[in-house]
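Heads up, the next two complexes both have subunit A, just with different partners, subunit B and then subunit C.
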Partner chain A sequence: MAAYLLHLAILAGIYIILAVSLNLIIGYAGQVSLGHAAFYGIGAYASALAALHWHFPFPLAALGAMLVTGGCGLALGLPTLRLKEDYLAIVTLGFGVIVDLVFLNLEVTGGPDGLVGIPSPRLLGLSFRPQPLYLLLVILAVFLVLGFTYLLVRSYHGRALRAIRDHETTAQVMGINTPAYKIVIFSLAAALAGLAGSLYAHYITFINPESFGLHTSILILCMVVLGGMGSIIGSVLGAIALAVLPEMLRQFQAYQDLIYGALLVALLIWRPEGLLGRGKLSLKFLTRG
Partner chain B sequence: MSLLAVNDLTKYFGGVKALEGVSFTVAAGDIVGLIGPNGAGKTTCFNVINGLLPPTAGQVRLAGEDLVGLPPYRRAALGLARTFQNIQLFGGMTVGENVLTGHHLREEVGTMAALLPLSRVRRAETQAKEQAKELLHLVGLGDKEDAPAEALAYGEQRRLEIARALAQEPRLLLMDEPAAGLNPRETEDLMALLGKLRDLGITLLVIEHDMTLIMGISHRVVVLDHGQVIAQGPPAEIRRDPRVIEAYLGREDDEEDGSGGGG
Partner chain C sequence: MFLQQLLNGLTTGSVYALIALGYTMIYGILGLINFAQGEIYMCGAFVAVLLLATGKVNFYLAFAAGMVAAALLGVALERVAFRPLRGAHPLVPLISAIGASIFLQSLALLLFGPNDRPFPIQFTFSTITVAGLPLSTLQGAILAAALGLMGLLMVFVRYTRYGKAIVACALDRDTARLMGINVDRMVALTFFIGSALSGAAGVMMAIYYNATYPRMGLLPGLKAFSAAILGGVGNIPGAILGGLLLGVAESLGAAYVSSGYKDAIAFAILIGVLLLRPQGILKGRGD
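And now, the complex of A and B:
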């Protein structure tokens, strides 16, 4: 039972990084991205391959994964972020599907079987294979990500991003370089998703394309929407809730999707801004610094 | 030298000639009114100056620098600010944050340094907030700093847009119908505010339908009709100009066929 709780906690930590990073794109910059799991997957595969083929130590593999996913985010963002937001949604959706297919069909990614035997992190002779230690590692990563995100959104950059979300044209008229902001934040969020992927790969030690498909993108999106767009704490709570909720609903597994759907519909009717959406509890006490 | 020089500006939307050979200048420190009947091309002219629309032909220069081809944010960096006819505030922010957004170009802290918990970053932010508060006092919203921008009354929202634009410390402020939708008392307040801006040496180009307002504050007035400048000069001259009267009221002798504005 303890092992199971630790497992849930580790997954929740990884989800937190995913949700918070997606929230930067959706909740702060106001761009709709439906392919976040693709970056998560690219990070997982990149990190696993770096460790398996080149025997990169974990920190380097994780850093490499972030660089690769950040680069992918840049490559995808440069041509598409000039478009209006609904096009970005379609492009990222397509990107997610393509990346999934690539994982499934490339030899180097192991096709449908995926990659096995990904080494557990080892730092200073200490193996992080035991769950409690891995949880510490994840918690450290979560705190780094939260700290960075907090500093970002409360700086004038955060204000510029929210201006873009509220009124892109006007933001540009005010002197905000909107294309640069959108591209940088998209790429940054992709890099953070890559970090989550790396943490996942070296924890599970076995990855296949199934974990990084469209349903995962939707799951991450649900975490952001549930917690509230533009609220960091909201994303944390949303991620924890959607990591734990399926477990609590396990005995009703047949009805799981139904309950899920009903919860989301209820949320959208009564609290469309999410549990901690902007303007309510949200970040006020954070941004006042 | 003139601060803004618009030269032979032309904008076609397909076959519609929204602007045709529009030329005028705005001298530094002046308030210039841009008037004309509905559909004369006033807002289009702003959008082209501002960079929201590319011109079909012609030049726009700000303090000698060619603006055509630059994105709006680069033009803002050169000292151009604007308020909108249909108010465009950042609805998810407080009144104070809206003004701070206008301060974006004035941020002295570096891109990366801004992310660090440094005392100089905090100091810069406090300073920006104080400036924002001063601007809010200037436009009469001193006590509304923490209110959500969306919660303001209509006239207050107009004034907030002005404060936000002023936070850019622009060389030239384009105002698109600042008095639209205001009641007479609010219009009076606005006039007083524009007077204050003039005394501060801010150059204004103002589109307005309220003739008392525009004739009262402008040093010069430019009149557009059907995308062309039909007159420009001091308000006293413009008021008597037969072409202007005709553009607004129609010519007596073509009332019957109703086609209006021929020559």
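And now, the complex of A and C:
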């Protein structure tokens, strides 16, 4: 039982990183990404391959995974983020489909079987294989991500981002390079998703394309909308709620996606600020009136 | 071989064009992308297949029923997922449509199961040679039906009162309202027509590939969107041109480049267009 709770806590921590990073895209760049699970997957595969083939130590593998996913984010953001907000959603949806195709077809990613025997992290001779230690590692990563996000949001650049969020044209008039900010935020969020992927791969030690499909992207999106778009603390709570609830409601598993879909529509109609969002960091302009 | 691939491409391309018309008309009038267009296409296919499987209706009735069911689903979708959110930030209806798309897909999965369904009636198609080109009559029928529907749409938009009213709403919703046009009704009509075309596309593809399944709308939806962008989003002839071009490019790409990555071709085209000519071939209303 304790092992199971620890397992849930580790997964919840990984989802917090995913939800907070997606929230940066939604709440600060004002875009929807449906390919967040693809970045998560690329991070997991990149980190696992680095560890398996080149025997990278975990911190280096995780860093490499972040660089790779950040680069993918940049490549995807450059053509799309200069345009209207809807394009990114479709392009990232397509990206997710392609990444799935690549994972399934490439030899180096092991096809449908995926990769096995990914080593657990070792730091200073200490193995992080035991769950409590791994949980500590995840908590450390979550705090780093949250601290970084908090500092970013409060900095000069955070103010610029909030200006873009509140009124893009005005922000542009004030001399803020809005496409550049959006692209940087998007690729930063992709890099954070890569970190989450790396944490997942080295914890589970076995990955296959199934974990990184559209279903996962929708799940992360639900976490953000449930917690409140633009609210960092909301994303943390949303991630915990949606990571833990499905485990407790196992008998309804077949209805999971049905519920997520209905939840998204219902939330946006009746509570666009999210169930848990406090409104302090929320996007006021998203609500009508 | 080349001409055969060209013909295959034109056939699937004409189906992409029908779905792309739905995207482009809705984009034209609301400035939004209806993410659930692929699910409307799936609904049309399922209704026709299920009706035919009962053995009590003939093919034409089932085809029409598929179109009507898809159209009604489109109108219902507009009422539930779009209309309450009109005027909000564009992000909000977009996410709501994503939710609706997931909802419909998993509902179909629960109701009908994940397996492919074959098309219930067998057609006897032959291959005839037209000007030295081997043309299967199935392909010919799909091409003719798709082009016929597109022609009807063009006539409707250009020459009827309602068609002109839709164009007026797409140009300027407020002015159209001042001219006495009921904008809400025109938006609903746009969803009705766009969805009926997607429903027709769904039935045609159910016959062509002989498979109907809950996730069938995902890839054609994505490709039709790429087609709409390629032609210039919001532009009706552009959507037709984009659909046909995309179908041909995909078919030739699968034959001469790589068939494993066939589905990636549309995506590569989408990225290329967004980079080089975001307004599309015929100028659309996208930025």
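Heads up, the rule we're going with is that the second predicted complex is superposed on the first by the 255 of 289 C-alpha atoms of A that agree within 3 Å, B and C clash if a C-alpha of one lies under 4 Å from a C-alpha of the other, contacts with A are read in each partner's own complex, and residues count from 1 in each chain.
Simple rule for what comes next: a contact is a pair of C-beta atoms (placed from the backbone, for glycine too) under 8 Å apart; a residue touches a chain by one contact, two chains touch by 3 or more.
Since this is a predicted model, take the numbers as computed values, not measurements.
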First, second, both or neither for A:I90, with subunit B first and subunit C second: second
Which of subunit B and subunit C A:T80 touches, first, second, both or neither: second
Touched partner set for A:H202, first subunit B, second subunit C, both or neither: neither
Dominant contact partner of subunit A by residue count, subunit C or subunit B: C
Partner chain(s) touched by A:L151 [first = subunit B, second = subunit C, both, neither]: first
First, second, both or neither for A:K182, with subunit B first and subunit C second: neither
Shared contact residues on subunit A - subunit B and subunit C: none
Complex contact set, residues of subunit A against subunit C: 26, 30-32, 34, 78-80, 82-87, 89-91, 93-95, 97-98, 101, 105, 214, 218, 221, 225, 229, 254-258, 260-265, 268-269, 272, 283, 285-288
Footprint of subunit A on subunit B - complex, ascending: 50, 52, 71-73, 76-77, 81-82, 84, 88-93, 97, 100-105, 107, 109, 111, 114-117, 121-122, 125, 128, 148, 164, 168
Residue ranges of subunit C in contact with subunit A within the complex: 32-33, 35, 80-81, 84-85, 87-96, 98-107, 109-110, 218-219, 222, 225-226, 229, 260-261, 263-264, 266-267, 270-271, 274-275, 278, 286-287
Touching residues (chain side subunit A, partner subunit B) in the complex: 148, 151-152, 155-157, 159-160, 162-163, 165-167, 169-179, 230, 278-279, 289
